[in-house]
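These notes open a run of structures that come right after.
Look at the two complexes coming up: subunit A is in both, with subunit B in one and subunit C in the other.
After this line comes the complex of A and B, so read on.
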């Protein structure tokens, strides 16, 4: 029904809005050392970064694509069929104005409450035709520069701030960390870099939206955020509008570093194309996200709302190295139709007095399969460490699955670790109760699901929370009945 | 208001209602009593439109419409409201939010505009005080952690706000202590009017001391085997159901 319509849209749009002209600057498919040298040269990178990439690549060659442990099924990816570099795409072939955009797509944006000026950019309209993005971006950049905050693409950071990038890159997610992290380290071409200097509170929430012109969703994004002593930043990634991309494989790496008393809040709303109702197509999202509270009393908080992608493999984690450092993970994951998600977090307690909170809400509908996989590890030195985990699953219908794999490795007897888990079905009783009060089935489902997710939504920045609720409603359209 | 004719209902191929007839005039309060397993709760579920009940024959007319052809929400919006025996908990959804969504859904069905926030809060606060519930009820999740008495009061609160034409009260007295019963009864009595009918399903005559019905029916083995006025309840209290069952043979 409505969800079918959205998927049709997604496919139509895929053909029209994102038609790519094969430019001369696109590398032919395939991966070898020459390709990596080419990427590095195109990006005008220093010698050390090329060497770093090549080492990652050589290590990657010795690794296996993970298939055995995650609760996921997908065909092996042919890494030689992917093109690893293409010059920034021209938007000349896209629609010239909103009038040329499929009205149904605009209707979806309307439902999601996307501001008018953003709709154009999302629909692939050449943005500067519609509104003066340059002035917005400029005001924005001036304000940040005044505060001393660096916010730019990772490639620009490599050129403009090589010493900072070199100091922190790969220090939270090492190149050899896992198969996809190694691949990303070898070939990353896009992503953001943020540096907030000592004592500075970033004057605004940083959103990838402000980079929308430069940033077509990269296939191998690399994001690095560093908060120096006492600094604070809130970073928003993604958007609620359905995003599609001709690249099936996405393997991003996000690294966060928080020094003494620093505070990083990283919020994600991810709504990539999940494939059609039969489970064909859709994006594979294999991302490594990790933050390190390197300093004392540092705090890192991950909040995510995930509704898209065909296959998701993702565990935003915190390494709590500093004394009394704090890690948080708040997650809502929705899977419908044939989507599969194996997601969760890791909290590694190293510092004494470190604390972590995990609130995970999984909603499965259709024939989807969803797994929560979480690790709480307390090392011997983490005197008085504490963790609280709450992990709830909600099932809609009787053909989906929810699985929970909590791991706890505790090496310090003073640690306090609590785990609560529930699995419930949207009860017919609950639906009937709401309907008997006059509320339609669809509104009742939305109400019950949003109630289920309350604890996570309240952690999102205000405007994101409103969008997230709307997104959930759209994602579950037609899930019942 | 409500005209039930020769209603036959099966659950899992087992006949539960076997030719039930009932007529409720506007403004009348009827009580249905009967032993366990007689089909009392089946009757309330069928009237509200719950799934899982197979209607094999018979008809139900509500305000001249074919009730059985209407969806659950349509019935609710047309003024049929069921006070649940076991009101369900909905975690994370505030009571006040459910109330407002329900009221607005019903107003929308009637072609009325959504109620504005100040008028809504005024309306809710009045009834809340009447039901001796404090404001914190509004911000707690629907029925979550409510005591038995609180759940039933909450059902009546919803009725006071939604103002149904036909209120069906399914064992509204179960699990109530005497003080809660009095409050609930007071709420129900305040809803009595010439344009509103009520169908009370109960196991115990005690409720009928506080909400005095116009008519009493005894439901046994899927049929109404005896009807009378409030005197019948006293007789049932004194003699039990067995003499009636024997009479019905």
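After this line comes the complex of A and C, so read on.
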């Protein structure tokens, strides 16, 4: 029976679930100004950053967790039961090469199917590995340095390039932006910093693998990418997390700044632990991602494949300030079991001639609930702004839900804004057509689902596209509607 | 209590037990409900763009003894319908029998009563799956229940081949603006068919505020065509709540036309409660000057094998602001449904603004749902195509705008309405859009 096979496949276990036992230097749970001072001290941060964090914290205290608008249901997070700092114990100077890296850590990446050195060498990818909250190893630094590209952990950037960090940090996502951004601003412990100078095309794709490992540690990543005039960079972010029973909070902030003619491509494959079949456990993924096309003809492109997390709250957005700037958002989101995802994008058209494209594909199975929530806003000055939005949802099983809440706020008559959305299940006729040509039901479903997502996958860098297709097949293979 | 200095103070006034003592128990209960709910604010998702601040600052009175109709030109204002089964006229919400045409009909019966005598109950049974986001105008409906003076009950029992025509007039009753509250309850019996025209218009330019709450129930196999034509003066404020409850194989079509009003808010909630229910909502609004027109529609597919189709179009000029929020909810277990929604908006000037949100919320998998929303101005290539055939530019723009509206107007089967609206659109177009000699 098709439905039985579907059951079977839907029950596929989280293949990346394991736990690496590394001693950690962890703060006791709780959040207060002392904790923030401690984090700042541990990171050897300058005075201004501590003040900045404390201001964010004080503002955060006045804010309420947003529970009323998102289409999500989850128990409230007790922010005092989370530990805000966790660093793998390392030698004073830290590892200088792969040989010095904790073998257990390398083993973890082996299990994930990411042979770090091989991958780095063969694919020419520099990996700034974030394990829990501290960068452990960075590769290909010299090659990047030759091109003048700065790629390091944000803590390192604070120490070595304070003027750049201070100039851009919090300018795209202000501290007061939202509850989770304020929390992140107060307690962020790590993340990446990229600066591509004027006219430089980054010689390789930059990549970071995030891992959550310690039980009860939230991760508060802060990523800042700045592309100066005419510069180009492609950044890859991928996530997997070990199987844990308790919900873990992840509240990252990603800021992108593109000056004149700059081009930033940001790709994500997210496969955090989604909780078990009963909806127990899993990661809370409350992320604020925003890019600003500050210069004319700048371009920011977000591509994401979201398959994990118990609860996702994520809206990678573009502020199109420059003339003729371009924003793009390509997304595939897959939810299964009891997963909930409220995701989408915002395109704010400020500059004349700014253009944006939104392609969102949602696949909802099991008892999961998935929501696309998007905003296209055209301000009065955005002459000739153009947006095209397409969001399609595929339903697998009669217990799941797929929802679409697209907002359009248009205040310029020369703007052209289009939105279209469809929701349906895999057609019996489509399946029949494939099967009568000798393709098994399972393969047919895979084919149809992959075809459904093709528009997004083709935007991914090659190695990510392979990973994404594999992920999709693992999550849904043979899930026949 | 028949007037208030600031409408915003009404909750504190009604909370007074002495005031409540003057009401019937049910009305007092409604007053308490109103005080509990309070006025909606823009922090409420349903009222995100509809700011009540200006309205709540105004003073109103609602003394029906002051309502009188002096204008003898009344008949020129309403639709020249060839035939109408009955015509009922309400002036500032108060029934005006002297202007009504109350022919006896076997297929339709009606009664004008008050909310005090016949309090409106919930629009549909509690066991039918509800939409959590419905009842946006709950506060206004409670107010209507507490202070309203008029309720019209209509019952259709057979196939009525001539329309029922309801005229709602807004007039300057006294020096102070009038707050008119009225209720309408329509029941179309099993297998019955009817056409209902609701026509809201102003005489002169009063700055009244009217709230109309309506409930329509369609029994098995019933069919109703509903025309809602709002041509209030650009000084008038208007709110309306319509709840439609559809049972097995019933058929409801709505033509919702909005041309006037300074500040207008509509909520159309349709519940498809049993298999075979079919609904089609068409709407057109044209806002100019500083008009604000906000329409929220909600279609609740509470049963399988139901069908909905929705097409709303907006034209905005000058500094007008339009809001469209179309919501389609498919309840769990409502399999084999089809829901399609379309919203298109034409902006004629840079100061105009449109906020649209076509929402789909789907909890069943065997569904065919789609929605689309577009906003833009006239296609320059289409303008060029007409010009290349010798039509001058202003006329080309006029024709294309009319063609945009015609997608909705073409479904209007009553010629008098069709012509009236076409002319109204032509009359409201800016100078660069000319339809002279075309209509």
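Convention: the second predicted complex is superposed on the first by the 379 of 481 C-alpha atoms of A that agree within 3 Å, B and C clash if a C-alpha of one lies under 4 Å from a C-alpha of the other, contacts with A are read in each partner's own complex, and residues count from 1 in each chain.
Here, contacts are C-beta pairs under 8 Å (C-beta built on N, C-alpha and C of every residue); 3 or more make two chains touch, one makes a residue touch a chain.
Bear in mind that the values here come from a model prediction, so they are computed numbers and not experimental data.
Undergrad: Should the pairing of subunit B and subunit C on subunit A count as a clash or a fit in the superposition?
TA: Subunit B and subunit C fit side by side in the superposed model.
Undergrad: Does subunit C touch more residues of subunit A than subunit B does, or is it the other way round?
TA: C
Undergrad: Counting only touches as set out at the top, which of subunit B and subunit C does A:425 meet: first, second, both, neither?
TA: Touch partner of A:425: subunit C, not subunit B.
Undergrad: For the overlaid structures, how many degrees, to the nearest 10, lie between subunit B and subunit C at the C-alpha centre of subunit A?
TA: Placing subunit A at the corner, the angle measures out to 70 degrees.
Undergrad: Determine, under the contact definition given at the top, whether A:32 touches first (subunit B), second (subunit C), both, or neither.
TA: Neither partner.
Undergrad: What is the contact status of A:395 with respect to subunit B (first) and subunit C (second): first, second, both, or neither?
TA: The answer is second: A:395 touches subunit C but not subunit B.
Undergrad: Quick one: is A:443 in contact with subunit B, with subunit C, with both, or with neither? Answer first, second, both or neither.
TA: In the superposed model, A:443 contacts subunit B only, not subunit C.
Undergrad: Between subunit B and subunit C, whom does A:434 touch in the aligned arrangement: first, second, both, or neither?
TA: In the superposition, A:434 touches subunit B alone.
Undergrad: So, A:417: does it touch subunit B (first), subunit C (second), both, or neither?
TA: In the superposed model, A:417 contacts subunit C only, not subunit B.
Undergrad: Give one of first, second, both or neither to describe whether A:167 is in contact with subunit B, with subunit C, with both, or with none.
TA: So A:167 meets neither subunit B nor subunit C here.
Undergrad: Just how close are subunit B and subunit C at their nearest CA atoms in the overlay, in Å?
TA: Closest C-alpha pair between subunit B and subunit C: 15 Å.
Undergrad: Spell out the residues on subunit B that touch subunit A in their complex, using ranges where they run on.
TA: Subunit B residues touching subunit A: 48-51, 71-73, 75-77, 81-82, 84, 87-88, 90-93, 97-98, 101-102, 105-106, 109, 141, 158, 162.
Undergrad: Quick check on the complex: what are the subunit C residues that touch subunit A?
TA: 45, 332-333, 335, 345, 347-377
Undergrad: Please name which positions on subunit A make contact with subunit C in the complex.
TA: Going through subunit A, the ones touching subunit C are 69, 71, 380, 393, 395-425, 481.
Undergrad: Touching residues of subunit A toward subunit B in the complex: what are they?
TA: Subunit A residues touching subunit B: 427-430, 432-441, 443, 447-448, 450-455.
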